[in-house]
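These are the structures in question, set out in turn.
What follows is chain A paired twice: with chain B in the first complex and chain C in the second.
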Partner chain A sequence: MEQHFLADNALGQFLDCLTQYGALHGPTRTSDGVDVFGPIQAGIEGLLLDYRRTLIPPKKYLIPPRQTILNYATATGYTLPTGPAPQLVLFGVHPCDLQGIDYLDRVFMGDRPDQLYRRYRDAITLVGLSCEPDAFCFCASPVKAPHNADLFLQRIEHGFLVSTETSKGKRMLAGLEPLLTKTEAAPPPPVESRMMSRLNDVAVTGRTFPDSPLWESFAARCLSCGACSVCCPTCYCFDVLENGALDEMTADRLREWDNCLFRAHGEVAGGHNFRPTRRERFHYRYLHKYLGFGALAGVPACVGCGRCREVCPVAIDLTELFAEGDDVCA
Partner chain B sequence: MTRPTLAIAGLTACFGCQLTLLNCEAELPTLAERFDFTYFPMGSSRHDIGGEFSAALVEGSVSTPDDLETLVKLRSRSRILVAFGTCACWGGVAAMNNHLSREAMTESVYGKGAGPTGSFNPCPLHRFVTVDFSINGCPPEKHELLTTLAALLHGTLPVFPQYPVCTECRNRECLCLLIERGEPCLGPITQAGCNARCPAVSIKCEGCRGPVTEANVASELEVLLEKGISREEVIRRMRRFYPEWDYGQRS
Partner chain C sequence: MSAPELNSVPIPARIQTIRQLTADTSLFRLQLDDDKAFPFIPGQFIQLSVPGGGEVPISPADLPAEDGTMELCVRRFGHVTSLLHQSRVGDRLGIRGPLGNGFPVDEMAGKDVLLLAGGLGIAPLRSLLFHLLRHRSDIRSLTLMYGAREPAVMLFKDELLDLAATGSLRLLLTVDFLSDTGQEEPACNVGLLPTLLKGVRLESSLSCAAVCGPPALYRCTIDELLQAGVAGDDIYLSLERRMKCGVGICCHCAIGQLFCCCDGPVFRYRDIKDIPGAL
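Coming up: the complex of A and B.
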């Protein structure tokens, strides 16, 4: 099959061309040694092409950790924050994170579109990059382009195969053609992910492992530090706060990332808590993450990126439930 | 409309919390316009606790009969009593040695034969009076103070984070000093709101904002012991801002 090929030595120019679609952001390393998505200023300098995963997924560009969602003024009432979202090109997004964005799109732009989310999403161009899995992750398509990749770069010897899955990507590709050559390449070999197929089986059958002793062990260890959801590409639960200003006439309504292991997550007015214990919160996390809620019931929200397993200070790994499930079946 | 009346006071304290208010330089003109600072000995020359207060912000722990008298007076004259800073909320640094004998401590400071000082173990305000709201921190964050004052103008009280410092630390994509460096970071059991001020500059959390809701103390202790840090060292660190941890608590 004939495909577009980008040679390693043309990558710098390729990135320069991408900046016409917005400010270039991609995987980079902070001075403390943390891999993050951030602005890529000096061309390919500072860009981490062979990174495993960033601490926080690119969801931070769509729903920031803390964001003003409404402004209030006595004269005008509640209004959406004004001003356009910044035009961004997210370069080097791995397939798992592209799938994460796809899931968030379904949540925030499905039956009741969130105007602010859409504003940010429409301003983002996604350039995917194939990845090499490590011991933490278990995605089923580390080298294949998900359908939302405007451009997708698959690493091969001396360069990348470049493909597109969107109409925007087709237009971009036409403009980038002078930098590309044609090459014959076989389609990427299918990857088997035993964990991902287990996970899909569980979502289809709706298994909840109610008698597993793991729940108690998770609950006893969990610090409720929030890392699992902060770092999850599909965790979108948020809390809404409103703070009045000192002028007595204006206020900001904020949304900030929440975590289902926090006590306040299931707490309502009057102090009642739907999930007073950590064990109940873990069941809830499991149900939402692996079996799905509401319009997304039956759709697992786990994209296999491995972040929650890597960042948990007490090594809690919900997928142990499936492994245990296998033993029960056997 | 009459302006809300405020009392800003300190008990056994370093007065750093009250200084946080004076450090809000950009907002001071607005604050002076919106509030009547009726009683504020650190910031004004008027020293009598006269009248009634819409709210009293009280800094420091209670460790002398005078402290207690001031506190009770403020409580009985105020609609809302705010524990202002970690000493007022949790005992703070003044209380870190509450487990030692007061006689021995008095002797080590004032020498043999020194009479009784009349002071007692420093305690948080809630040990003696009803506290309506707390602003944690040593010192508190300006933005939490200003948000509280603004909320008072709107006739309400704000909602502050009930999750640990770790959440804000991860949100800022800081290096995890606990996992990556094996340092005795107290982030997992400490109330957020500082936006991970210290871990963001590679300094481990010392727990200055006091215990988070439902702190999993036992699990934090297990993690730190596994890292090879001694139990004595961990407890010494944890006691610095709050002396009454339940080391077996998981929720």
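Coming up: the complex of A and C.
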């Protein structure tokens, strides 16, 4: 099948062209050696094309760690914040993170839509990039474009195959035509993820492994640091705060990332805690991540990016539960 | 009715009256700015905004009023409720809702209805009580069992005794212990709420119970209710969780895979009895 090919030496121009759709952000390395999504100012310079994963996933562009959701003033009462979201092109998003964004879309643009989320989401153009999996990750398809990729670049020898899954991408592709050539190169074969099929099985069957000794082992080691949740591309649970100004005339209501591993997450007024132990908080995380809550029950939220397995300071890996499940079945 | 948006703007309201009920609990009557009726089902909740403080989920303690007033019975507990208790008549508040499912009032028709309230749990059940009294001929009998820590913190006592005096309601009150002053409370049992259920027998097919109170109340009354003959399907529990968004997104209030804020806060016992940590 004939496909669009972008040669390595045309990538710089390609990136320049993308800036007409918004400020270019992509994977880059900070001065202290952390891989992050950030602004790419000097074209191809500073862009990490062969990165494994950023520390914080691109969810930060859609649900900022702290965001004003309402303004209050005595004269006007509560009002929604106005102003457009910044137009962004997110370049180099791996398939796992594209899947993560797809999950967030289902949460925040489903049956309880959030205007703020939509405003940010509509202002973002997604340019995906295929990835080389490492020992931490197990996504469904590191080389195939998820349906939400406006453009998707698949690494092949001397360049990239460029495809699109959206109508916006088709229009973009037409404009980028001069930089592309046609090729008959075959796309890389699909990769099968055994772990991902286990996750899907668990979501369908609703297994929770209640008798596994691993729960106690996890709870005994966990530091409740919450790193696994902060770095998760589909962890979105949030706290709502309100800061009144000293003049007592105005206030801002804020939404900020919360963390189900924190003790206060299950507390109610008066101090009763519905999840006082780490074990209970792990169960909560497990239920949400692998079985799904509410309207998304049965939809696994894990996209296999491997971040939580990499960052956990005490090497807790919830997917060990599934491996154990295999042994039981065997 | 379409599902609410995640981040909707609170409807403006003002405090019309404040009636102090106990040292830490007051009944706030709100007037919505638009004077329009705010329809809700007893057991549903609203998110009450106190400007500069934030939001707190509260179930109204009365019935929807044509003139856009609403009664909220609030204990001074945390940051937002403390700020509310410092507020004065005329101060501005905000309301989002109604949220959640409420009690299945239609299912109570023709039945012996038992209301079990512990402490501040009387607030949403007062709303349900008013509804049932308004439609009293639709149900077979109406009993309210209400337990408070001590006589001084029993809410709405005079009002409840007046209602019981009309004969349309059987009222059983209990306190965990008597006050240090040793003042005797007439017509009031001493003992935990479940003691009122001892020896009670109800017809399974004709009875239902609505329960609201502190977390410990559910654990210690369910068995008594089942023994009294109420079916697990007909025990309605109004559960408390830390509801932040109120529409099933923020993920603080999950009970198993259900959300307290939108699948509840009223659950049938049968539907949650096997969910670890539900009660």
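Operating definition for what follows: the second predicted complex is superposed on the first by the 328 of 330 C-alpha atoms of A that agree within 3 Å, B and C clash if a C-alpha of one lies under 4 Å from a C-alpha of the other, contacts with A are read in each partner's own complex, and residues count from 1 in each chain.
We take it that a contact is a pair of C-beta atoms (placed from the backbone, for glycine too) under 8 Å apart; a residue touches a chain by one contact, two chains touch by 3 or more.
This structure is a prediction, so every number in the text was calculated from the model and none was measured.
Of the two partner chains placed by the overlay, only chain C lies in contact with A:77; chain B stays clear of it. By the touch criterion defined above, A:284 lies against chain C but remains apart from chain B after alignment on the C-alpha atoms of chain A. Contacts of A:270 after superposition on the shared chain: chain C is touched, whereas chain B is not. Looking at the shared chain after the overlay, A:116 reaches chain C, while chain B stays out of its contact range. Chain A is touched at more residues by one of its partners, and among chain B and chain C that partner is C.
By the touch criterion defined above, A:297 reaches chain C but does not reach chain B. By the touch criterion defined above, A:323 lies against neither chain B nor chain C after alignment on the C-alpha atoms of chain A.
Once chain A of one complex is fitted onto chain A of the other, the partner contacts of A:204 are absent, as it touches neither chain B nor chain C. Overlaid on A, the two complexes show chain B and chain C touching the same residues of chain A, namely 241, 243-245, 248, 251.
Within the complex, the chain A residues that touch chain C are 69-70, 72, 74, 77-80, 107-108, 111-117, 210, 236-245, 248, 251, 253, 255, 258, 260, 265-270, 272, 274-275, 280, 283-284, 287-288, 291-295, 297.
On the side of chain B, the complex with chain A involves touching residues 27, 30-31, 34, 146-147, 149-151, 153-154, 156, 158-159, 162-164, 166-167, 170-171, 173-176, 178-180, 187-189, 202, 212-214, 216, 218-220, 222-223, 250-251.
Against chain B, the residues of chain A that register as touching in their complex are 30, 32-34, 36, 54-56, 65-66, 219-227, 230-231, 241, 243-248, 251, 257, 259, 262-264, 277-278, 311, 313-314.
Residues 3-7, 9-10, 12, 49, 51-56, 77-78, 81, 92, 94, 214-215, 240-242, 244-245, 247-252, 254, 256-259, 262-263, 276-277 of chain C are the ones touching chain A in the complex.
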